[in-house]
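Multiple structures are listed underneath, in structure tokens.
In the two complexes below, subunit A is the common chain; its partner is subunit B in one and subunit C in the other.
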Partner chain A sequence: MFAGTVVFALINSSILILLAIGFNLTFGISGVANFAYGALYIMSAYLSWTMLNLLHLPFWASAALSIVFTTISGAMMYRFVLLRVRGQALSEVIATFGIGLSILELFRYLGLVGFEYTLPVFWNESFMIAGAYVDIQRIIIVLIALVLVLGLWLFTHFTSTGLAFRGIAQDERTALTFGIDSDRIATLSVSFGAGLAAIAATIIIPLGSIAPDEGYDVLIKALAVCIIGGLGSTGGVIVAGVIIGFAERFTDSYIGSHWTMIVSLAAILLVLAIKPSGLFGQQKELEERI
Partner chain B sequence: MERKRLIICVILAVMCAWSAAAPSVRAAEPIVIGVATSLGFLEGRESMKAVQMAVDEINAAGGVKVGAAARPFRVESIDLRDAAPGVPVPEALLGLEKIILEKKPTALMVGPFRSEALIAGMDIIAKYKVPLLGTIAMAPGSEAKIKADPQKYKYVFRTCLNAVHLVKFLAGTMGAINKQFGFNKVYVMTQDVAWARATADLVKKLYFDKSGWTVLGMESYPTGTSDFSSALMKARSQGAQVIMPVFDMPQSGTLVKQWNTMKVPTIMAGFVSPLAGSEAWKIFDGKIGGVLNTTFELGSAMAASKLPASTDFMNKYQKKYGQEIQAGHGPAPSYESVYILKEAIERAGSLESDAVVAGLEKTDRRGVMGRIRYDDGHQAVYGFDPAETSVSLVSQWTDSGKRVVVFPDSLAENMIQLPAGLKSLK
Partner chain C sequence: MKKRRERIDRGIKARSEDVYALSSWREMLYLAGPRLLPAAAFLLLPLFLGAYWQKVMISVAVFALLAISWDMLAQTGMISLGQALFFGMGAYVSGILNFYFGMPPWIAIPIATVLGGALCTLILTPVLRLRGIYFSMVTLIIPLMLVRIIEATKIFGGTEGLSGMTPLPSTLTEIYLVTGVLLGVLFGLRRLMETDYGLVLKGIRDNDRSVTNAGIDIFWFKTQALFISSTIGAFAGALMTHVYMFVGMPVFALDYSILPMAAAVVGGSGTLAGAALGAVILVPLSEALRGIGGLRIVMYGLFLVVFTVAVPEGLFDYIQRRYHQMERWVEIDQ
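And then the complex of A and B:
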């Protein structure tokens, strides 16, 4: 039971990291808190579903096209909406939240609600790990989370665009003096964030179903992980994902499933009270204020 | 001059013919049925289609006799949206009032999804005196309200299953499992919503506690949960023989898939709404073999060969709409409700609401779900014998993707089969 709980806690942590990493990337680079993140996640899943079931494309093609489309949507959202309000935090939040709300409620209005809206698993088998049977889809989630985190680290440390990302994240004005186009990089960061949301949807949705409400849940989970880890900190996302992932599964196993939802919300409150910038956050001014 | 006279004569003749025909035109004015429900949800969508199908059949057969005249039905609808999380009850009530005022229906059908919307809406229905034949909301609170003030709330009827009768069916299924295999250790998993928790509590109180069963655990999960591993591991480690799920959220099919992939050595028997229809096999990757699932009303997503009316209904639906019914709750009672209304109007000989209500109270109809009669709380009576009452049914998914009726005995096509690797204690 304990070993099994650890295995599923690791899987849960990977899911949380996958859900949060795109939101965190966008905020860390461009400073935009993309509140349409959950809607982009769901939009990507509906796109895959539509291409798979109505256009009868193969799953891999549907998934690839939906990831590309969602990535482009993120870029367009920045160029046509966010660019005009960039730097005005409240306006950014209102704009992105408004876009997210419109997307999700449009899906609800169209009646895209029901258990038939789901995506197929990659591999329909299970095997035993530490005394518990685990389906391969969950193992794939862990592997993809590892690959993405590693890939993101390599990208931001060994590619010119990635280094430009870090430059903007560290000090935008200084980066500008080095000829880095901050608007281009910000566009890319929102776009990449959307793409990461789409990748997460492609591999996580097969465990459940596509529903507009799921978009709000994804946003809350991403926010919880990022706030606890420290907005903009990739290391923080990983640590917070592991903390919440383990706390949820152990609460579920040893206290009660109905307390699980409380865990992440209580963790946010606790971190905000003790360390407002999060475990690895760099917004020191917040701490200085209190 | 002759030509003018001829034209005048023709005009007069046409006018005479029109005025002579006018009473029958007036008599053919449609009787409006208002379908007010959450049309964006599967149960609401398919219930609406079932109402339309019954209306088309009745109209094709000559309509409804109101006194000496025959009049057709016409369906008007409104999306109450109350099934969607976050939609406040007052919004659903506004929709209910809107359709009553704008479309002037003789009766309402299907009704709100959420029982709190139905119970709150009963005052609006009482105000406008429009009979409602509900086929989705299940809490028995509406019956209590009718019994407390029958004169005011007599306009509300429920043709679908209610939570009390569902408890009876779940308890019956557990009894059959106990009788056949000797199992008596159960792990209960429910959605964290009032009706599901209340249903599970009632089964525990009225059956498990009285029949010597051990309830190893009762877990409730927030709507949207898609990882049930902890409870499944607990069920395994504590030696559960049966898992009883009570869920109506789309993600609940994941519970069954996870039960399958984690190879938990139990039989799963209860209610998981996404497993009702034939499409579930494909949607859940064929990982639902062995599960016993309750279909709330015979004919909704599942027919029984022992009651041909249910098979006919499902076949007619498939022929008309090109697809099978997938909702295990709503379509059959919605279809029946139209016929019940027709018979009530014909008994009353009038569209006056009190007379129609009196006609509805006299309902004794044999149809798709068995015999339909209403009790003093205006709830259709459900039991185990379709010759006597309306019936629900429990079917088991086979490993080849078929559903076989296993309960009640009056409809059963086969005995309950144990999933592979599980041994009977008898």
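And then the complex of A and C:
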């Protein structure tokens, strides 16, 4: 049982990292806490479901289209809404929260809930690792999480856009003097964050089904991982993802499934109360607490 | 010939703001009118309403209280995404006192108000030092966490909740209790925020570091503001427990967090009266739109976005400006 739990804990950690990485990218660069993140995740899943089942597109096409569309809607959200309240963190929170709420409650109103609302798995087979049956989809999740984290690291360290991202994150005004358009970069960061949410949805949703409530859970999970790891720190996301992933699986196996959410929530509160900048967040400590 | 709009204070405003306010009935009415009108409306309306709209009025007052409590916190620089915490805490404490200890409502409600407020303050004290969105995140998470804990541990009736609370004697008692408290809180807090004490609280919102530099312990002031705010929320919850004769997990639902925030944002945050105005507009509106069901929350969400982005000062500010100032077209000097 122990070895199996470890395997599933690793998979769970990858899921959490996938969920959090987009939120973290947006916050780390533009400082926008995108509370519509969970809603974008669910929206992309429904989009892909609609294209797959109502327009009868092949799965790869509908997935790609929904990722593109979600990315664009993230950019539009920044251009038309967030740009006007830029810099006022609290208005940004209220506005993004309002957007997320509207999207999720709209889907709830439309009543698109049930087991038929799910996306197909990529490869429907499973095999034994360490005494536990693991399906290929879960292995793919782990691989894609690894690829995305690595790709993001390469992107932010070796491309000019990626370097501009980090420049804005470190000091917006200095970056402006170097000719980096902070509005353009912020738009990109919000839309990339949305795109990453869509990618995560495409590969994680096949394990369960699409439900509006999932949107709130995704937001909470992303927040949990980012807060514990330190908002805006990619290394922190990985470490925190692993910590929460293991903690959740082990409470599930040894205590009870009701307690898994409580563990992560309690972890957030603990970290926020003791070290609000998280395990790895060093910059901007004075802006977080006084 | 180009023109621009000029905005000037009404003469009567300039006169009546001073000691001369007492010089004529007209000026006294100018000052007292906007205050007496809502008070009179709240006190007289219940007598003419039917049973259904009386219940709506209780809802209005309860959400107005929650919105005021949200605004009070926001004025101290703490944006709460979880007013449901205050509401639910008051509701559960009152429910438990009544259910397990058999306390009558007029003992359970006051105790729940103070105890619920104190509990919320105690829960949030460790994170009071957090600023901006960090505080918002915690307040969003805590009510969700409490729901899960109740679900997991099955305490206080678990998912079923507790039912069969003692109701208050009559609907009119409920209405006058809640509107009385609402008016008291509204005018009391508005006055409080005008004093030096309120100035310190607003200072914490605007620039907490300068307030610290002035030798003021902002942590202690934030705790006090939190206690005031959560007590108001807890009262609303405690009262609703006895109105519905039930308390359960729905008291921590998103509705109780979103609607107060939407009300305060629509009415105009930072004025307290705006928060109440927002509740007076939104709650009956949502009753009238009961047919569209879940779309109501979508609507609140859109209200939140539109008002924060396009009309950040809110309706109350606009009305106040129209009341105190007049506009006229003047020629632009070339």
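The rule we apply is simple: the second predicted complex is superposed on the first by the 282 of 290 C-alpha atoms of A that agree within 3 Å, B and C clash if a C-alpha of one lies under 4 Å from a C-alpha of the other, contacts with A are read in each partner's own complex, and residues count from 1 in each chain.
As a convention for this text, contacts are C-beta pairs under 8 Å (C-beta built on N, C-alpha and C of every residue); 3 or more make two chains touch, one makes a residue touch a chain.
Since the model is a prediction, treat every value here as computed from it, not as a measurement.
Aligning the two structures on subunit A places subunit B and subunit C next to each other without any clash.
Of the two partner chains placed by superposition, only subunit C is touched by A:268; subunit B is not. Using the contact criterion defined above for the overlaid structures, shared-chain residue A:162 touches neither subunit B nor subunit C, since it reaches no partner. Looking at the shared chain after the overlay, A:102 reaches subunit C, while subunit B stays out of its contact range. Applying the stated contact rule after C-alpha superposition, one finds that A:93 touches subunit C and leaves subunit B untouched. Of the two partner chains placed by superposition, only subunit B is touched by A:208; subunit C is not.
Contact with both subunit B and subunit C is seen for A:256 once the two complexes are overlaid on the shared chain.
Here the apex is the CA centre of subunit A, and the angle it makes with the centres of subunit B and subunit C after alignment on chain A is 70°, in steps of 10.
The minimum CA-CA separation between subunit B and subunit C in the overlaid arrangement is 5 Å, rounded to the whole angstrom. In the superposition on the C-alpha atoms of chain A, the part of subunit A touched by subunit B in one complex and by subunit C in the other spans residues 108-109, 256, 258, 261.
Residues of subunit A that touch subunit C in their complex: 33, 81, 84-85, 89-95, 97-103, 105-106, 108-109, 216, 220, 223, 227, 256, 258-259, 261-262, 265-266, 268-269, 272-273, 276, 287-290. Residues of subunit B that touch subunit A in their complex: 39-42, 45, 84-85, 192, 219-227, 229-231, 233-234, 237, 250-254, 257-258, 261-263, 273-274, 279-280, 283, 285-287, 326.
Within the complex formed with subunit B, the residues of subunit A that make contact are 1, 4-5, 8, 11-12, 108-109, 111, 113-118, 120-121, 124, 126, 132-135, 207-209, 211, 213-214, 217, 249, 252-253, 256-258, 260-261. Note for the complex: subunit C touches subunit A at residues 74, 79, 81, 126-127, 129-134, 136-138, 140-142, 144-145, 148-149, 151-152, 208-209, 212, 218, 254, 258, 261, 265, 293-295, 297-298, 300-305, 308-310, 312.
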